[in-house]
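The first chain written gets the first letter, and so on, giving A, B, C and D; residue counts start at 1 in each chain.
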Amino acid sequence: MSDLSAQSVSTWLKDFAEVINEQANYLTDLDRQIGDADHGSNMSRGMSAVAALDPASFTDASGMLKKAGMTLVSTVGGASGPLYGTFFLRLGTTFTSDGELSAADLARGMKAGLDGIIARGKASPGDKTLVDTLTPAVAAAQQAADEGRSLAEALQAASKAADQGRDSTVDMIAKRGRASYLGERSKGHQDPGATSMALLIDSAARCLA
Amino acid sequence: MKKLINAVEDIVKDSLVGVAAAHPDSLRVDLENAVVLRAEEPHEGKVGLVSGGGSGHEPMHSGYVGYGMLDAACCGQVFTSPVPDQMMAADKAVDGGAGVLHIVKNYTGDVMNFDMAAEMSAAESGIRIESVLVADDVAVQDSLYTVGRRGVGLTVLMEKILGAAAEEGRDLDALLRVAAKVNEGGRSFGLALTSCVVPAAGRPTFELADDEIELGIGIHGEPGRQRAKLSTAAEVAEQLAEPILADLDFTGEPVIAMLNGLGGTPLIEQYLVWGEVSKVLAGKGVQVSRTLVGNHITSLEMAGCSLTLLKADGDLLHLWDAPVNTPGLRWGC
Amino acid sequence: MKKLINAVEDIVKDSLVGVAAAHPDSLRVDLENAVVLRAEEPHEGKVGLVSGGGSGHEPMHSGYVGYGMLDAACCGQVFTSPVPDQMMAADKAVDGGAGVLHIVKNYTGDVMNFDMAAEMSAAESGIRIESVLVADDVAVQDSLYTVGRRGVGLTVLMEKILGAAAEEGRDLDALLRVAAKVNEGGRSFGLALTSCVVPAAGRPTFELADDEIELGIGIHGEPGRQRAKLSTAAEVAEQLAEPILADLDFTGEPVIAMLNGLGGTPLIEQYLVWGEVSKVLAGKGVQVSRTLVGNHITSLEMAGCSLTLLKADGDLLHLWDAPVNTPGLRWGC
Amino acid sequence: MSDLSAQSVSTWLKDFAEVINEQANYLTDLDRQIGDADHGSNMSRGMSAVAALDPASFTDASGMLKKAGMTLVSTVGGASGPLYGTFFLRLGTTFTSDGELSAADLARGMKAGLDGIIARGKASPGDKTLVDTLTPAVAAAQQAADEGRSLAEALQAASKAADQGRDSTVDMIAKRGRASYLGERSKGHQDPGATSMALLIDSAARCLA
């Protein structure tokens, strides 16, 4: 299903919503340790609203993605609402035409999403945020595209890199978000947003390939 | 988890139903958007003051809506910042032609959601929107490379003082100058004896031993920077005051002080701590001119307290003393 | 036991030091007798209102001293009634020639200590002293063979209403008539989610399972009459309202309602419960005209809440609305 | 030491103060079950103040007993302050002359104390209060006096009756004091005031004989 459409986007979003619901307690628990114990419930509230969107009411993937982004902005709150919302809004403005989705398209879309997140949240890699998951994932997708590999291969590479990026947050000292208030004490804990972002890329690898 | 609620996901709305029922004459509650407004809005020619944030800090912010303080409070889920739609609804409701001021506590989520709202409100309806970031928690290191300090207790004083200034008819730019003065001269520090239970998490955010306190606690159950043994109230007073006085010189000018309960600490203990703090301050040459003791910015049922000091020149004292009529703070009318 | 105190035996005095420091302009604290007075006493020609009781219920009583409410509050040890010496000191300080009214909650200890004080004050200084017993707790069976009901939440309303009447210059006999009306038309009921820790005991007075509540709780950690499972706030609202409405018909006249937090229950939950209670009352045809939500008569850090209803004719509403200026209750000035 | 004097009264009061301090936690714990968890600390606060009184500053037993009563009234609060205070005030007004104390004197003094307590607190036997300890103790002392027995024997009899009276409160349903709010649930618990009153009579039996 490497075809881009409201339907394929919906499949992805519904899968992600399911994963988030399953992992909500785990994500909240990560946030309990270095944040305020709500990342799981935040994401789950937002993705449940997104999963309720009917793909039939959108003419194309772009419309569906933008609406998903706006829905997250309007229902999540906290740091993750604007950040995840921006990510999907940017995907929507990048994927303007339905049909075949190439590895290069994927890399371009993800890069736009990452740029949006950085513009909104001003985090750099190493700050212990979801940027640490997304940055290597974008790089891996881009490399796969540059090497002429398939969308499926690019998604696999991105997903693997995302997981590594997520793991890399464990040893970091937080500089953005709520965990930054802990200073040194944030070390040794995996960042909740980096964790949910890895789940999103994994879900994409399952659903969009 | 033992709470007087119906369902976790309905807490904020259900509580706002109670706010509406308790204050039918003075407040109007937009239940759809979870926004609490004064009964009569907008006020022609007055800058509209909009604040908000995660719920669970009551009376802040919904309890500070009324004459001489806020025009609207946007109530997020418990400990989660509100979404831009809420602020946009509030902006529209309170704009009386003189622009709107957002009072935002410095948390990433709050900042981003208020920013998005300001951009969209300005774009959609052409309202001039400015914002004030409150960042007073000396427990958090402030540097170029971090997000800066958290906004905590000073928010209450900021809302009171800006509310009075707006009521007097000062314009947006004048309010921003007052806000800058409050931010420059205001500092807070808090400590906790227990954690709190975020309803969606269902269990305490952190665990403290029977003789431990958490120093530099935030208002969301975020762990602080350090654990210490619980000693006497006299010692606790030092632990509260010392980091604040180390950060800023509070001598030479009158000071407004707030000894704030975090929710689960009884008033008898709050006054007791205030007695000790006032001795510490007097010993350091700090002259307290106004005092507020009580639960003003809370963390659900967390036990503990925080101290806020604000250097107040004549104008700030005048604005502090001005009449205010809200469920959470009332005097002079 | 985790409390912000210095030593168990100093809690009341140390806390009063804080009260004095926080309210230097409006209150005077007689530390030796643990009596809180208005800054200016006595008031010539006005009946002096003296209340008091065990500490640990703050803001009651010390927080209700001020214009339009009490003249003096006698602060006993935690949950222990004050001793006659305290009331005698208060009587002497507040007597402005029009006599003194003791407002006493109906507990054996309080009644006996206030009685002794009244006898001795009258004998020593010839002041005319009358007393009002508040006995509103419907959880307690009222019969000829028992001591009658406990005084709980209605005490707050009694102090506010009598305070306004005294401020208007009504005499002792008139105040007694008002008090009788308040007692006739006022009822309360409370429930607890947790116990509290009496400092001298050092551990919780009783234990509740994670899903249990104590119905008909007193304000001293005394166990109530019955345990029940904690259900939804909607159900809790029924549990609060039902015993009150079963005891007295509250339809046909305006009602003043107080939803009171017992200390450890956050305001967001109190408003939530009030939202549900107001639905229950509306469903039973009770017309609530005035509402008070918050921590007004507490049991240290106990989690839970109580409901008080008072049938209020035009005069009681008028007295309720009259200006009051105390640390714990303030409006109109 | 069947001689009544400020000194002998002081010995008794100091002994009782010591016992109360030792048993304070136990008394508070009894009060925790059917009251408000302060009977031990109340009595201990009051008796510590009484124990601090200097017998040398009183001309006779009567003066010392009255001062002890006033001290209890002024320091204890709660129900026990006025009740114990009244008991000692009445003893003081009964024992007007120092010297030999007979069994009949004892019975008369205790009866006066009991009457004072009943006048103040309006409890009847069976109400589950300290009256249930004192009533049989007075009766036993009176009987010993009527039978012409010694002071020591009268005190022994009173103490034994007091202990039985105390025990009898376990099965009672409280009708006075804070425990009365519990209704049926007050059953099965020993009354704290009845317990401290038995300690007082026991102490008298040790010190006044």
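We adopt the following convention: a residue touches a chain if its C-beta (ideal position, glycine included) is under 8 Å from a C-beta of that chain, and two chains touch if they have at least 3 such contacts.
Just so it is clear, the model here is predicted, and its values are computed rather than measured.
Asker: Show me the overlap between the contact partners of subunit C and those of subunit D.
Answerer: The common neighbours do not exist; no chain touches both.
Asker: Averaged over CA atoms, how far is the centre of subunit A from the centre of subunit C? Could you give it in whole Å?
Answerer: 55
Asker: Report the inter-centroid distance (CA atoms only) between subunit B and subunit C in whole Å.
Answerer: Spacing between the chain centres: roughly 29 Å.
Asker: Approximately how many whole Å separate the CA-defined centres of subunit A and subunit D?
Answerer: Distance between chain centres: 76 Å.
Asker: Among the residues of subunit C, which are close enough to touch at least two other chains?
Answerer: Residues 78 of subunit C touch two or more partner chains.
Asker: In subunit D, which residues are in touch with two or more of the other chains?
Answerer: Residue numbers touching two or more other chains: none in subunit D.
Asker: Once you've mapped the touching chain pairs, tell me: line, ring, star, complete or other?
Answerer: Shape of the chain contacts: a line, open at both ends.
Asker: What does subunit B use to touch subunit A in their complex?
Answerer: Counting only subunit B, the residues touching subunit A are 9, 54, 76-85, 107-109, 112-113, 115-116, 139-141, 145-147, 150, 198, 200-201, 205-206, 218, 220-223, 225.
Asker: Spell out the part of subunit D that touches subunit C in their complex, as residue ranges.
Answerer: Going through subunit D, the ones touching subunit C are 28-29, 32, 34-38, 40-42, 45, 73-83, 120-121, 175-178, 180-183, 185.
Asker: Subunit C touches which residues of subunit B in the complex?
Answerer: Within the complex, subunit B touches subunit C at residues 2-7, 11-12, 14-23, 55-56, 58-59, 63, 78, 193-194, 210-211, 230, 232-234, 236, 259, 263-276, 278, 291, 293, 295, 298, 300-301, 303, 305, 325, 327, 330-333.
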